[in-house]
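Here come two complexes built around chain A, the first alongside chain B, the second alongside chain C.
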Partner chain A sequence: MSSRTRIALSALVAGAALAVLTAFATTAPAPVVAAKPGAAGTTAPAVPAATGEKKESISTADHSKFKELQKEFKSGPEVTKACLTCHTEAAKQIQKTQHWTWEFLNPDTKQTLGKKHIINNFCTAVESNQKFCTACHIGYGWEDQKFDFTKQENVDCLVCHESTGTYRKIPGLSGHPPYKDMEFPPHTGKIVKAPDLAKVAQSVGKTSRANCGACHFYGGGGDAVKHGDLDSTLKNPGKYLDIHMDKKGLNFTCGTCHMTAGHKVPGSRYAPTAADIKDAAPHLRGKMVTTNPATCQACHGAKPHPAKMARLNDHTSKLACQTCHIPEYARGQPTKMSWDWSTAGKLTPEGKPFKVQGSDGHDAYDSKKGNFTWESHVIPEYIWFNGKVDYTLSDTKLDPTKVVQINRFEGSPNDGKSLIWPVKVFHGQQPYDTVNKTLIVPHTFGADDSAYWTNFDWDKSLAEGMKVAGIPYSGQYGFVKTEMSWPITHMVAPKADALSCAQCHSKNGRLKGVQGIYMPGRDSNKMLDIFGWGIALLALIGVLIHGGIRIITRKHEG
Partner chain B sequence: MTTERIHVFKRFERFWHWSQAALIIFMMVSGFEVHGAYKLLGFKSAVELHTIAAWSLITLWVFAVFWHFTTGEWKQYIPTMEKVDAMFKYYLTGIFTHVPHPFRQTTLTKHNPLQRLAYLFFMLVISPVIWFSGWFYLFYADWSAWGVDKYLSLEWVAFFHTTGAFMILIFFIAHIYLATAGHTPLAHIKAMITGWEEV
Partner chain C sequence: MLKLIGGFIAGLVFVGVLAYNFMGSLMFREIPSPFGVEETVARIQQNIQNAGNGWTLAGLRNPAKAVEADGGNALPVMMVEACSTKYSGPILRDDTVRFLSILMPCKISVYKKNDGKTYIGMMNAGLMGKMFGPLVGGIMGQVAKDQAKFVQFDASKPAPPMIKATPGAGAGGAPGAGGGC
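Then we have the complex of A and B:
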């Protein structure tokens, strides 16, 4: 090889290397810049357009061709009126549902539940904060107790049916989307664009994962905060995260399991179906069924494992499917594990609220809310659960010396109705009335001088919240430790990731603390073990001595 | 004392003995792992292999029972108290002072009186305990279909199964040791392999 060709070659190689490097340099930062949905915190974020190649629609109606929708809409209710010209019964259907009323009467415990009534240990309560919270209400204009729940155009059709991903309800607007561009969250310089309502209206179709997720992935004030098994990673999940929703696989929507008819969405965590083990194939076509279609058993039956793994079917009378098949929660991103309101209100020397980021990039402190912890790949806690949940409501007397159970999951190994369930237990510390011994509804959001997030004064905030909610308040408050349980039921893993036998069948396995069952490998009768091994040891010592004497006596002979 | 060779263990009997020995040893190893005593095969494999070994042993026993009845060999296990005291005395003292064995094997009485009692105990007490409890353990899922779920708990089924297992372990220790108590330490063992015993 001549020196000239060598030089030419090395120039070529160097050039190619440079080209590759440049290519990387220009493409690499892109994902960092890419907007992270829900990173804004307490928002009901934009629904992204369906990704991937567009499938041919199987619908018989193309809403973009409907003249009712080919006009300029000034507000959400105007769009709803247009929807109702054809879908005459839709609003009436919606108005009967929990999605609309935020009320649920538990037929079992007779407790009146629902977002409207319960006090949780996340953002605590809706009352007096409607303008903010109702960003996740499927309606328009619920800003205080005067909201008209019967007005049909108050129903928000778009949030559940639009598919552009541009329609976004902002906290503070009482359930409306912004009708002109606005900065949100305030003072961040981020602009939320007002959606083109005509385009949004023309895009409607069946409810997608992103539609449900617009609220349900962001419960508790941000992405992945509340459930641990529902967050924005389910918009386009891979097989690892969710075997049923796998974008390249079964590609289920939420409604595939939560089989909705007449806008009634089955499956409720206020009255969950804990044990659904009676029938082999309950939801066979043509069969009249009234049972919950959203359970695993509704499709898989009570003995879902094939014959060669028949022993696994022996477990279905004691274990919820979820216990083995959802080995961890928060498998897509971290979920919030605790929230301590008692530390809220620290301000900068200039009197401004601030946030502190934890090592994982999530907020560890927020002046408005207090301290948080986050965890991912969390091993659930396991409890006997029969579907009955007992809430600590605003009038329930609590014992401040103990951790208050916001919602107590009932169950026992002997009631014949319970299975062992995985749960997320969320730990909180929140205000309570030290005289009346009740939880408190704080007034957090608003431009008035009592809203905590504006003025950081608990006395004013709590008095106002309780006044609006109509609950007696002594004026004395403290902070009490609370716990809230969440059944883990979404993000079912592929079977290869299900728990293996020894993860429970061992001395320090997952079900270590679960009483009322005998588990080989975990349990044994201690007395029997002492006697058994003891006598076997004595027998061994006995024969060794006997044999020893035989050897000695033989030697003497020799 | 003259010695003579007799053929005490037929071919099937030897096959039965050694395959049963292998299965029982394996079932002890896997069974005590399922019980949580140690980790060796892994819980899942231990359960699966223990089950396979159980079915193999059941099959083997079906053949063994058939063989014993068709050959009349079952009579070898009819208990007798005759010379039992002599046997005890021999194991306690005589074996050390090399007095002659109080029992003389023949093809019709190949087990000494203590053996007869021990094997009968094995068959009438240990086996039923281990097999019945094991059967219910194995078919745990069918208890409600059989209508026995009201009377059984896995805790007690496991208790009896483990009790049976400990009895087998203790039997096994004594059995192995006494196998060395022939006229030479390996005499009985050789006989169990070749079928021929010097008497």
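Then we have the complex of A and C:
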């Protein structure tokens, strides 16, 4: 090694050592600047106090002044009779809707759907459990198959229109509220007060978020269980949770989008609109339109982004708005992600059912229902969806060696109707008939000997459920893994929180599992890559050769 | 002479580039958790309580809540704060290193990322401590050993409840005497 090289190397090492020492040297603390008086330890701004002012009603009717409502009511149907004296057509309208019939004939698949018919992987099925499940029916008295769907006073007007917040339908009362104070849930010591029906009746008005939420926030047996994008945090949401429903902002109710006419509420999940009409211009409220008013495009149109972000408008033919604008669901509280019925039935040594809470305070195990998992801020799964959904019904043959899809969302990148949608996929394990290869309707609720939640005997429960439902049952059962998908469409985040380009256009981005589309940043073509890198390499070689020649010729000239 | 200075500068630049690229990952560690955010927090809290050496829970912060209050969204982040007077005391009593109180209490961050998985973020206390002399280096070395135990989980044990309110901690989670720091 020459002395010059040694000197150069020594200098390099000395420089490196100095740099390391400098980096590891103890630095003097910076001068302290006194905090401003009153400065808080957090970055969150103080929330403005509520003004407490009562909003003036714009209604032309004050129901508290109606003589028909100024009396003591003993039951819900009595209130309905009073309502119908003025609103003569209301019950007839209701009785034509899915909210009443719990039935829906899908015109595409010809499947008869609705709560009355489907078997899901939450509480499974309504049949034989009506007394319990009909706490969410907009009617009174549906306790078995003899329920009179034509009786107008059986319609419950209050659950959708009351505004006191005191009217609550308790599971087990066949859709009635408690008419005297009662302990609920049983053996908890919690008392649910009987509502003052006259006061409740006089409070009626337009349907609020709390009215719809009384059922839709609690689907699947509790708050935030079923949908993932609907839960009680939407009663009074902040801007972060839903830009449209923000209580201090636009303050939309459910009805603002689900624009209802004649009690017919558009926007059902049984026949969802996956893609609105192509190149739809926004049709503002009040215009006569025949399309679903609950889509994003109904207000925002098919090219919603401003000119400076026009590139984003090119995405609307492939992506549902929800894909970017609902980056996560269950942002207000955790939602249930799985339910394993096969572990239900464990009892204490004294033979009592019990519950175990998880770290987040939610039930992780319940003797009546089995094991659960919960999660908040869930990253959705993404699928192609064209609006067509096929259900596994009670007569559908299933393959127990595979995960059974309770509902199968159809879609393809090539059908011209599909968009990429975010979905919640709920995982279950539930009873099925091992001989007939069909899902089973269990009888869970009731004081009778065969109710699972009373006797924890699957044999009796399943036999009774299937008998009441009128479905053939071999008497042999097992548990099969199931999946049920839910399109995510609520909890729209502020635009600043929409997905960024790189969150999808990257190797392990959000859409890594979505097939049938070429996405720059995610996908690559080997030949194209070799060609591109080849060009780059040739350019580099060219630069080096050119630079080398210049250096050599300059030396010669010098 | 020119080559000597050039080599020296090149050495400085070389180490600077190295430090720029690697110091972040050397000073801080990120490991995936097999559990969700809440369960990870709860298991870390349990480990801290069982760690001995004077360790106590000092607080639990949720910085994402402040973002929500401001109208925005952030994936869940929770910071478990723990303190041991056995380790903090000698540092807090020495004027030359008391400014290191800025690193107290010891924090372990649990967060979800866009892949939907939960991660644990920690300061590399051992390496950090070495920068501040033998007293701090020795203490932080011990802290690093305890810290490693905080994130060792026994999945066969049931999930403990998450401790939301820490005795002695104020509204922001910063403790008084209860946390020991």
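In this text, the second predicted complex is superposed on the first by the 469 of 558 C-alpha atoms of A that agree within 3 Å, B and C clash if a C-alpha of one lies under 4 Å from a C-alpha of the other, contacts with A are read in each partner's own complex, and residues count from 1 in each chain.
Keep this in mind: a contact is a pair of C-beta atoms (placed from the backbone, for glycine too) under 8 Å apart; a residue touches a chain by one contact, two chains touch by 3 or more.
Remember, it's a predicted structure, so these values are computed and weren't measured experimentally.
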item	value
Partner chain in contact with A:Cys501 - chain B first, chain C second, else both or neither	first
Which of chain B and chain C A:Lys239 touches, first, second, both or neither	second
Touched partner set for A:Cys86, first chain B, second chain C, both or neither	neither
Contacts of A:Tyr518 with chain B and chain C, given as first, second, both or neither	first
First, second, both or neither for A:Ile549, with chain B first and chain C second	first
First (chain B), second (chain C), both or neither touched by A:Glu375	second
Residue contacts with chain A in the superposition, chain B compared against chain C	C
Common interface positions of chain A, toward chain B and toward chain C	none
Chain A to chain B touching residues, read off their complex	310-311, 313-314, 317, 500-502, 505-507, 517-518, 520-525, 528-529, 531-533, 535-536, 539-540, 543, 546-547, 549-550, 553, 557
Complex contact set, residues of chain C against chain A	3-12, 14-16, 19, 23, 36-39, 41-43, 65-73, 75-76, 99, 112, 114-116, 130-133, 158-162, 172, 174
Residues of chain A touching chain C in the complex	4, 7-16, 18-20, 23-26, 29, 40-45, 47, 238-241, 246, 327-328, 331, 334, 356-361, 364, 375-379, 493-494, 496-497, 503, 508, 510
For the chain B and chain A complex, residues of the former touching the latter	34-36, 39, 42-44, 47, 91, 95-98, 140-141, 144, 153-155, 158-159, 162-163, 165-166, 169-170, 173-174, 176-177, 180
